[in-house]
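Reviewing the structure listed below.
Letters are used for the chains, namely A, B and C, taken in the order the chains are written, and counting of residues starts over at 1 for each.
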């Protein structure tokens, strides 16, 4: 995918409509040892910090239960809470817009920027804006977009794509960052230590913060009862964007609403620990509409649906919308650990991406993502809002299969045919036993003298590419049991011995 | 699509997706009575332990912390300012005048421009609350805490925190917000020192039950939670202190 | 004490020695075992690959088959997890009220092998002898779905002669994941490589687990790489009482 030092992940396609299937995209990453090393290092660090801080919280499970309850309550009454948010935010001087889909959200934001006669805009990292592919749209309309989060600057200047939702440039190492900054900021003699690189970014952005009068942010939480928005960050670039410009536009998915201000006492405790392994992130900002003399004079919120109501409508999948974008699931995921984020072909990678993206796409795309998991359950175990990701993955697989049943191509898919046949066979013991016998005979052809199979044709070849398979034993368990019972006027011990002898 | 049209489209989709939704705001309040709150809400530490923990956590964030008695505060501020090697400071308009130590260039924020604030070498403010568990300083941006931009642009922030403002847990901060009397700043409230944590949890639970209307009026409209100086770990997970916010956070803890 | 053995399709076909070991072990502990010859599969492979209807028909078959069993012992944590976590959803989705009641009655009597030994029989020391250095791989289903906790380690600790070598990154998946191993063969293999490195680093003679699926995955790679380590289901360790049997 990305050769070191060149365009970083420049060829990664994060548009679900265009991205290759997960196994194909993953292959490219698996052949990039530098990238895999960068990813493994980063998530090992976060995982270790998270584990230590969660262990020191005796009430961690109670916090998870409360967090998941709060999000469920917000989703159960989503319409009422959004209307309450809208009313309070409007009363506080904000303007609330509703966008049914990505195109509408992009258009609303562009119209607002045109009203402001804005030629430039500064941005706080927001995955939702990446979801609607806002930056290329605004740039095509002639507006200069400046990302201000360090990782986002690395990606923007290096023309790369995010591979993680909290640490989007974790696949890029320091020497790659040095190369990008030196080239794009025109700094000669830039050392590659993170301190100097961070200082270069500070320098690069300082003027923009003080000059550009319009900003775009996402939202971590919307508070219904106060009409407030909360943004959680570390670097202070968020505070800059939220306070210095004249006009602020916040883009938020409709699922971001919390009923009460007090709900933050739970959400802030679980979010920072899960996301970055800190007791609390350095800065969290909360504001309500417009405050005279403090911060932007004009404030807009764009509430985005873009497929979320479809998820809301499905009982088992609704839990997907509890997600607070902490990325603990991808940090814990053994698949993500090997592939990094780009293989998921979406701005939402990892386990949460594997369930969120196909649903946002209404399964028109990303049909390979629900299968990009060994169902090990590590994601569910760490999720601070208790999203049972394996359960949703399995349900989405069923939806994909149901679509497949209607397609003629299924008759050419050996896995599909195999599973259908297996079902017929498992339904009747005599068929099962017959199939076992046939399997034993058939596999004999491939079994070497050492009793192992080293190569298989077809689907089985996917197994034997890297693994041997032990040949089928001469006697199944049920055959042994039957022989032992009938044989057997003798004792159990004799039966055992006979089986051993075979 | 017109703006109000999309509003109706989205809300209609939501209504159809949530047939079990409550019919009114009153039903919502009832739903909240059932919230599981068996996480730790009320702290169990003595006042002294609480302040100790607050200082320890701040130091873990690389913040400089000094303690002083109330009557030594003005002198301690002067010492800290002098030790910083800085000279040009900004301060919010509500900062007590005795905190503005002599011998420094003070600009009081009565509508300073961003450039003027950017030109200052440091800022001195009060705070609304400190949360010991996470070492968090909470600003509600009152007249003594300053506008948001005031504690953002200067590279050096000296924050004055009184021991009575320090709570142990984050939920205790939130119940202070709800219990806050309009306009009077922090109401002193020693929570958690009498009785068990369980009793304390229950007490906090009932205190917080205002009607939605009452609560909304009491709640702050601007909040910044600060936990150490700005930081990033975006390059190889190496923690770098000081990106865009103040790179140096100093705290004076006043024993009152 | 009577118990019915659900051996699972997988063990029946590929790992009959595990089933024989379970029989040896439980009969030694005085359990009277029965075995339904018509048993086949719990439907896990179908459910996890998205063939819900097919999984349902297999689930129904199994629930009916074990309706009157005093206890059902299953030497495979993933199959137990399938019954506990997915059967109810399948049954409810199809609105079969009678089957749901049958399921509710059955589930409390379903045991994974280590659960049966410790929770039902109340034994940790099963009188086993296995003089080898062994490392234990906690399968994801045993670890997270069944919350087996330290049950397997308690059983191994009481095996005479056994030297237990702790495994690094115990909670990390080996990459098997059923059809995942072929649908995402390359990723699965990469996960396996990482796991195998940890397993081999223990310097053990055997790697054991309560799931033959993980062991087939690990064992297949060990054999391919001439790793000099073998896999063995824990039932076989617990069943062995003499040096001869252990080598058998």
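As a convention for this text, contacts are C-beta pairs under 8 Å (C-beta built on N, C-alpha and C of every residue); 3 or more make two chains touch, one makes a residue touch a chain.
In this text, all values refer to a predicted model and were calculated from it rather than measured experimentally.
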item: Any chain in contact with chain A as well as chain B; value: none
item: Centroid comparison with chain B (C-alpha atoms), farthest chain; value: C
item: Chain centre separation (chain A, chain C; CA means) in Å; value: 31
item: Distance from chain C to chain B - Cα centre to Cα centre, in angstrom; value: 52
item: Residues of chain A that touch chain B when the two form their complex; value: 38, 41-42, 45-46, 58-59, 62-63, 65-66, 69-70, 73, 75-84, 88, 92, 97-100, 104, 108, 148-151, 154, 167, 169-170, 172-174, 177, 194-195, 197-198, 201-202, 205-206, 209-210, 225-226, 228, 234-237, 239-240, 242-244, 254, 259-262, 264-266, 268-269, 272, 276, 278-289, 291, 293-295, 303, 305, 309-310, 312-313
item: In the complex with chain C, residue positions of chain A that touch it; value: 22-23, 26-27, 30, 316, 334-335, 337-339, 370-378, 380-381, 391, 394, 396-402, 415, 419-420, 422-423, 425-427, 429, 432, 436, 439, 452, 454, 459-460, 462-463, 465-470, 472-473, 475-482, 492, 496, 499-500
item: Contact footprint of chain A on chain C as seen in their complex; value: 7, 9, 11-17, 19-20, 23-24, 27, 35, 37-41, 43, 45-52, 54, 57-58, 61, 85-86, 89, 140-141, 143-145, 171-173, 175-194, 216-217, 219-221, 223-224, 248
item: Complex interface listing, chain B residues touching chain A; value: 1, 3, 6-7, 9-11, 13-18, 20-22, 24-25, 28, 31-32, 35-41, 57, 61, 111, 114-115, 118, 131, 133-136, 141, 147-149, 152, 170-171, 173-175, 177-178, 208, 212, 215-216, 219-238, 240, 242-246
